[in-house]
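What follows is a pair of complexes built around chain A, which joins chain B in one and chain C in the other.
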Partner chain A sequence: MADARPSQLFRNKSAKIAAIPMIVTALFVFVGGTAWTIVYSFTKSGLLPRLKWVGLDQYERLWSTKRWIVSIENLMIYGLSMLVLVFVIGFILAALIDQKIRFENTIRTVILYPYALSFVVTGLVWQWILNPEFGIESIVRSWGWESFAFDPLYNADIAIFGVLIAGLWQGSGLVMVLMLAGLRGIDQEVWKAARVDGIPAWKTYIFIVIPMMRPVFITTLVLVVTGIVKIYDLIVAQTGGGPGISTEVPAKYVYDMMFQANNLGQGFAASTMMLLTVALVVIPWAFLEFGGSKKRG
Partner chain B sequence: MNKSVEIKNLDLEFGAVKVLQNLNLDIGKGEFLVLLGSSGCGKSTLLNCIAGLLDVTAGQIHINDKNVTWAEPSERGIGMVFQSYALYPQMNVEGNLSFGLKNAKLPKDEIAKRIKRASEILQIEPLLKRKPAALSGGQRQRVAIGRALVRDVDVFLFDEPLSNLDAKLRADLRVEIKRLHQNLGNTMVYVTHDQIEAMTLADRIAIMRGGQIMQLDSPEEIYGRPVNKYVAGFIGSPSMNFLEGRIEGDVFLVGDLAIPLAGYEFASGNAVSGEASLGIRPEHVVTGELVGNAPFQIDIDVSLIEPTGSDTLVDCEVAGHPFRVRMDGQAKIKVGERLRLGLDLSKASLFDKTSELRL
Partner chain C sequence: MVDITSSQLSGPQGPKPRKALSRRNILLYGTLFVVTVYYALPLYVMIVTSLKGMPEIRLGNIFSPPVEVTFEPWVKAWAQACTGLTCDGLSTGFWNSVRITIPSVILSIVIASVNGYALANWKFKGADAFFTILIFGAFIPYQVMLYPIVIMLREIGLYGSLTGLVIVHTIFGMPILTLLFRNYFTSLPEELFKAARVDGAGFWGIYFRIMVPMSLPIFTVAMILQVTGIWNDFLFGVVYTRPESYPMTVSLNNIVNSTQGVKEYNVNMAATIITGLVPLTIYFVSGKLFVRGIAAGAVKG
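After this line comes the complex of A and B, so read on.
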């Protein structure tokens, strides 16, 4: 028999070898790429990266650019509205489908279907639907309501809500399916117990069922939030950022700066700001969620 | 008898499937009634109908002389305990007990009083601030019983409350439920598939099969004088031995055996004849020194032994039928040995071959 305890480093060799490609990818692409981007955001890089330090100049320029400010505002408006509405709509749809209805599979498929489309298709479709010449507005006017006006994409003040409609149309199905899975996981006897206790259905949902669905909500939240932060293709396909700069978003700003305006340094600074924003949200949450787990056992 | 729950001509159909058919059942005030049957017999369905969790197709349900057939569960004056406990996981024990009461807008001091009383009865006072996840299965079920208790109702419904617990806890909590019934004197309706629970707890047992009540009687009567072959085989563990044969005059003929029927009480009072099954419980077969007193004796070969500690079960064959005998746990017996059995038909049951009803 072996005299000494074998080294921990060499145990489970095959598993460790199999993990190496992913470890390398994570280290070089994600961590390395992020660090590289942050470093070069302090340089005066133009078409090509150059290590010519300019300190915080790129950030000062970024925060004095109207387009960036509008992008951030749009992301906030779109993000908060999307987050609240997609959860409300998705949950209500799931609760309705959970009432032992007929043709459940068909309805579920229909509602989930938009999620199978790419954002480019969704964007184009909703661009047409919201187009006053041949979309909803022209249909309602052809019915006789001549003064009807519904052209959000042509009004700079509300154009972002036109994008929001398309985003909700595409995203609600996924939330509904996740919520439905969560609802189905609730023990039917809990519902019975609540009925015997005389608790109305809406109260049972709010005080008993939704708290029981916390893990599903967290999964859904992560999916929805990442979808919001990286929104880019929907904007490009539906509005191209317009009218004017009224529907610009940070991801589009980064892309345009890096590959159209040949201003890498500015693009890096913008993407670093995006990273910082996400980190400010995620890190405190992660501490709350996982830091306390030792106490709970 | 003062009726607490009255069920009249109850039908329940799920589409084309008739789960309950023309079911009538009266439950007396303060009675402990157990609905017993194998899965799919409709016992839980019946309980859910009484609770109002299922809408009946036809018939009426009265609780405390009030027609509650179409009343909401919360308005029926019932409390219910479920198999999976069905506690509200994100509320502590106190919250679980009080949520329904708060919702019914009861005054705070009344709620506190009821929680205090229930937690004293069930000895869950130290647990009041804990969440269900931090409780053991037995404690959770106590809280679930508490939730029915604070409702201050006359009728308690139990839907297989002990089935999720391990064997020892089940036996402990069974005793507690019986004690609870003795102390409170409420009407209790209890659904189980466990015949030991049914026998130990019930004032009366209703044996169900195919949506109908086969026999409704005291545990002793159901055990001693089952009305048909199904009930006879269902109640008792190990189950009853059946010998298929023929009654001729005052003997029961099976194979080349003629077992005298002296001492058997026929259900009709008079002896009948014809094809029949003779049912004998393994514990009613005599072995050892007492065999000499039995009116009928037979020698068999022991084919298998199952020692359980307190008893030893012996498998053998009588006239070509598999036959089981319960012997004392101390009995020294080996496979292949010859054993003399004594049968006394005064404790046996005879069933008609075609109708399977008791003769």
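After this line comes the complex of A and C, so read on.
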């Protein structure tokens, strides 16, 4: 940008002023805040943050706490099932909608509307539908199948899958929309060529179309994974972590430790572990996407 | 699936005439119908339950339409339902949410649009570095930054106030909105900007007279994104405000999951649907723009 240049610092002054909120947020909140939490996760902070070093004690305590282990297990079970199912459902729905169907807009609108609702609303609706006294269980029983049991929210062994049903309902529309955009971005010539070669449609999808949609899959993956790690409101609203501690998740552990148990150190250590989990996904992705040749800033 | 290309294959016989009731179509539309019903069902259950009286709920099943329609649960959810501490329903939470959402949306959009404009057209040294940090910051779990922000807000005396929460929403809305505006402004023809420069317009002149009027759609997308995001927020509301200024999502959760008293499922569902009404209205009215907003959110980074 051509500009008068009296001094380096005052060049482009308005732009720099406009960028102050971004600079402050990036440096103080994102970098500073994260560094602060990591540093204090090595201290003996209780009710208030204190710089009294205890090394890795907080982490040792964290990993010997039953509730944290259950939280991590739940996150794994929920996360893996969510990941697989949301992709399968999202892709199949997108492929079906991509068949030049009628009422496309209506169907898309209905599949996506749960995404506009908050997790609290999602959790509460499904808490109601899965209520064994009034919901699905009682209805199937009233049809004559007296021994039918489907009470995920009251059965500690499968409670997390009750949450999964709600999570899938809320989030699969988003994946469908992204996949649909990806499918529409595929050149029709590819389909023509596959047809000329006599390749069946399902094979074309698996061996040609899906590999071509790699960028869409990767962005969606990153989005879904970061969303899964953050899961909190859904649990609070739908199960409150129960029955017992069977649906606890890391984000809830962090909140409860920081703001209810007055155990900041544990909260910091737990949130640092969450950061680590996200980093394990985001950093390889960033290298794949931006590493090597610097395409974008 | 084969049919996709059949109309484009230019053969002597032209596109094959298709029967409307082929096996493929029955399967396709059948599946889509079942799926659509599945997704729509919870909304239906919410509405139906909220219009029934408690005796009817205890007797019937949750999918049956109300025999006797009553709006009492709605009235009760709005004005009398108990959150554990107080019994003034969702109305307080609703107005809190309005007071949180409006300034947050305006502030975050103003800041992010000016910032995105600076990044697109007035790039200065180091701007991209900060922007990269900002985008990566969007991936950091909020839990990591919760407490440092508590301390920052306490230092400036805003912890627990609505203003504090507005600042928090502005901060966390910044990555995605800045990206949205930067990409949009970059896509505008550069000649426009250059011509305005030649005519002597400065930073703000170009922003207000050229960029803003040309970018109304993207402002709408940003607004949809922010209104739904902030309205639906639960975590920041519960962390950064006091009980008397809890947003609607938090009061809803407190009403439904409060352990005292008899559970009134109809009131609970009425409260749930009232809370979902604002984002749902935006969604159904805005349609394609909403999709564009989340698509923009998807190309983060």
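Here are some notes:
Definition applied: the second predicted complex is superposed on the first by the 270 of 297 C-alpha atoms of A that agree within 3 Å, B and C clash if a C-alpha of one lies under 4 Å from a C-alpha of the other, contacts with A are read in each partner's own complex, and residues count from 1 in each chain.
Throughout what follows, a residue touches a chain if its C-beta (ideal position, glycine included) is under 8 Å from a C-beta of that chain, and two chains touch if they have at least 3 such contacts.
Note that the coordinates shown come from a computational prediction; the quantities given were computed from them, not determined experimentally.
By the touch criterion stated above, A:144 is placed in contact with neither chain B nor chain C. Once the two structures are superposed, chain B and chain C can be ranked by residues of chain A touched, with C on top.
In the superposition on chain A, A:187 contacts chain B only, with no contact to chain C.
In the superposed pair of complexes, A:203 makes contact with chain B only, with no contact to chain C. Look at A:211: by the touch rule set out above, it reaches chain B but stays clear of chain C. After overlaying the two complexes on the shared chain, residue contacts for A:195 are found with chain B and with chain C alike.
Touched by chain B in one complex and by chain C in the other are residues 192, 195 of chain A.
Residues 48, 51-53, 72-75, 78-80, 82-90, 99-100, 103-104, 144, 147, 151, 159 of chain B touch chain A in their complex.
Touching chain C in their complex are the following residues of chain A: 1-2, 11-12, 14-16, 18-19, 21-23, 25-34, 36-37, 40, 49, 93, 96-97, 99-101, 105-107, 109-121, 124-129, 131, 134-135, 138-139, 142, 169, 173-174, 177-178, 181, 188, 191-192, 195, 201-202, 204, 219-220, 222-223, 226, 229-230, 232-233, 236-237, 240, 250-251, 254-255, 258-259, 264, 267-268, 270-272, 274-275, 278, 282, 286, 289-290, 297. The touching residues of chain A, counted against chain B in their complex, run 187, 189-190, 192-200, 203, 207-208, 211-212. By the touch rule above, chain C contacts chain A in their complex via residues 1-5, 8-9, 28-29, 31-32, 35-36, 38-43, 45-46, 49, 57-58, 61-63, 111, 114-115, 117-119, 121-124, 127-128, 130-134, 136-137, 139-149, 151-152, 170-171, 174, 178, 197, 202-204, 228, 231-235, 238-239, 249, 252-253, 256-257, 265, 268-269, 272, 275-276, 279-280, 282-284, 287, 290-291, 294-295, 297-301.
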